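Shared between the two complexes below is subunit A, which has subunit B as its partner in the first and subunit C in the second.
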Partner chain A sequence: MSASIHLEGRTFVPGSLLRGRVSLEPLAEHLGRRVELAVLWETEGKGDTDMGVVYYRVLADGDEKAASSEHAFEVTLPFLPLSYHGVLLKIGWRVRVRRLAPLGDDFVHDEPFELGWPP
Partner chain B sequence: MIGPGRATNPFSAARFVPGRIPWLARDPQHLDRLAARALAPGAQHQVVGVHGSGKSTLLAHLESVARRHGMTVVRFRGSRGVPMHALARVALRGPRVVLVDEVEELAPFAFTLVRAFAASLDASLVGSAHRDLGLPTLLHARVGAETAARVVAHLAPEASFPGGFEERLARHGGNLREVLFELYDELEAGTSAEDRVR
Partner chain C sequence: MLLVTPMSKRAGPFATLFQILVTVPFAAAGIGSIAQAVRSGRLGGVIPGALFTAAAGWMFVRAIRARRSSESRSLGGVSATIADVVAPVVLDYRTAAAPSRTAAQIYAPLLLTAPLPRIRTKPGLVLARMLPPPSVANVFGLLFAAVFWNLVTLPFVVVAILERSFGLAAFVSIFVAVGIFLAVFAAKGILARAKLARVELSEEPVFVGDEVTIHVEQRGKAQVNRFEVDLVCRETVTFTVGTDTRSEDHDVFAQSLVDAGPVALARGERWPHQVTVRLPSNLPGTFRSARNGIRWLVRVRADIAGWPDYDELYELRVLPKVGS
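Let's turn to the complex of A and B:
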């Protein structure tokens, strides 16, 4: 499966509206699989990771038409946490599309974006 | 961008937590062979190795294989004690496996009880430890320079490290996790490794 995520911008101010759309192009044998969309932040660095999901939606779950369509979405972003690129800790925001594979590895496609105030 | 570091770092811990990357042995059948032995009904094995040598990674992959085969899996860390409620699930019918990380963190009698419980139900059991527990050994986990290179190439496909990894592994006592953190630091510091990533 492939998925493309298009966002109306790369950097967003806290509290603003994130708009985008997801185009799904599944392989024929994956048409019946569940596909989820999430807008989330997660930490990375040398320690354990943490994450928070601010938007979640099931794009398709057995519906072949939905599994190969374009889906528009919008979500009001929170004020925190802001994107941060530290040395020991980073906070990254992403739009994530996940196709669940019950007997294998899930397909995951991320589109990163920045949440922060203008410099 | 806010912050003094890179936006992303391919050697972040979250990218190589056990089970996140494939089992990167030279022989593609290696994991299947280990799983066939480990998941046989009633089998009890140990995985022995130093910190960062892939013991928990193997357990995570065995869990994945077991679930794929419809087995009931109970996996826990010895440092957190025996989760009785989870272990009770092993009593359910059907094939089942108990996977224990950090066995030496358990009280000796607790592990003996877990083993006896698994044996009485014909469940398979695999424990990981830094020292010999007296069980048949499924794997002596060791990371060689070649395996390290495969892991690094998986995490950062466009990077190249001409010096190889033998010296780095030796410096960290065979602990691949520490080697990856060293690469993390080099990227953040913008030292030589950063120039190798495009």
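Let's turn to the complex of A and C:
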């Protein structure tokens, strides 16, 4: 399966509206699988990963039409945490599409973006 | 509400099946015990049966839940709540009066739900807010553990001496010595806290890039050889290596505010230090999640003659300036 995520911008101000759309193009045998969309922040770096989800939606779950169409979404972004690129710790924001696989690894596609105030 | 959860992989089907199979003996034992108790009329037997059944149910729910994606496990009516909280603030900071608002006012709706530490300040005696002293839970926990350790090991030494088995007594004394060392270490920590400095701020939380006045006061009676106060911005991460959990720090920013001494303070005498500092605007704000964080700290160190020294951290929240 492939999925493409289109965002109206790469950098966002806290409290602003993030708009985007997800296009799903699954293989025929994957049409019945559950597909989830989430907007989240995640820590990276030396520490174990923490995450916070600010938006979550099931795009398809057995519905073949929904599994192969385009889905628009919008979410008001929170004030915290801002994107951060430190030495031991990084905080990254991303839109994530996950297709759950009953066996094996899930298909996960991330589209990163920055959340911060202009310098 | 912004929900913060440790990220974990989705469990595979075989792992889930194994976890469910593990619940079967628990459920069987629990239900069997309840049935037996009811049949024999001994209702006291229902309680352990119920506990086993509940444990089986809990393990079953956990096994099923682990099959869900980490994103869906982090969820709970999130987006609407965030929009409700954020929207009024966005409108406010765009108004002309917004710049005069403090970080506490701007971020008030988010302080309990955003990934930030919970810091309960009190009104200060000199400045607006007093930072809470560092927690004593660890020190008292260590003291409790040391006392417990000695209560377990000491009787063996006594019995060994009474039975004139001095070799065994000497061997067990090593364990007692470890317990005494831990107790003394904990007691020194508790004593050091009796003379901790008081730390107050002109405001808390504070914006990155703003000026903040810090008031630190050492109390007597004390012969202070050296007294140091630093302002630190620190990345802290926690990670697991095998079965160990380790943490590591990196100071992004550190500035010395006070380096003074020696001075002799009489009983009840106060030694105040007040510094105004501008927080660099290019630094990150405070962040706290389950295993990672960016901490802003007032670090106070005191070398006190004839008394345990201390090196303590007082945490404050520094938040991004809205609209900057």
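Some observations on this one:
In this text, the second predicted complex is superposed on the first by the 119 of 119 C-alpha atoms of A that agree within 3 Å, B and C clash if a C-alpha of one lies under 4 Å from a C-alpha of the other, contacts with A are read in each partner's own complex, and residues count from 1 in each chain.
Throughout what follows, a residue touches a chain if its C-beta (ideal position, glycine included) is under 8 Å from a C-beta of that chain, and two chains touch if they have at least 3 such contacts.
Bear in mind the structure is a predicted one, so any value in this text is a computation, not a measurement.
More subunit A residues lie in contact with C than with the other chain of the pair subunit B and subunit C. In the superposed model, A:114 makes contact with subunit B only, not with subunit C. Once the two complexes are overlaid on the shared chain, A:98 sits against subunit C while remaining clear of subunit B. Across the superposed pair, subunit B and subunit C both touch subunit A at residues 42-43, 45-49, 82, 84, 86-88, 103-104, 116. Remark: subunit A residues 14-16, 36, 38, 40, 42-43, 45-56, 75-82, 84, 86-89, 91, 96, 98, 100, 102-104, 106, 116-118 touch subunit C in the complex. Of all the residues in subunit C, the ones that touch subunit A in their complex are 2-7, 10, 12-13, 69-72, 74-75, 78-79, 82-83, 85-87, 89-90, 107, 110, 114-116, 235-240, 248-250, 252, 284-285, 287, 289-294, 319-324.
Taken in their complex, subunit A has these residues touching subunit B: 42-49, 82-88, 90, 92, 103-104, 112, 114, 116. Residues 1-9, 12-15, 17, 68, 181, 184, 188 of subunit B are the ones touching subunit A in the complex.
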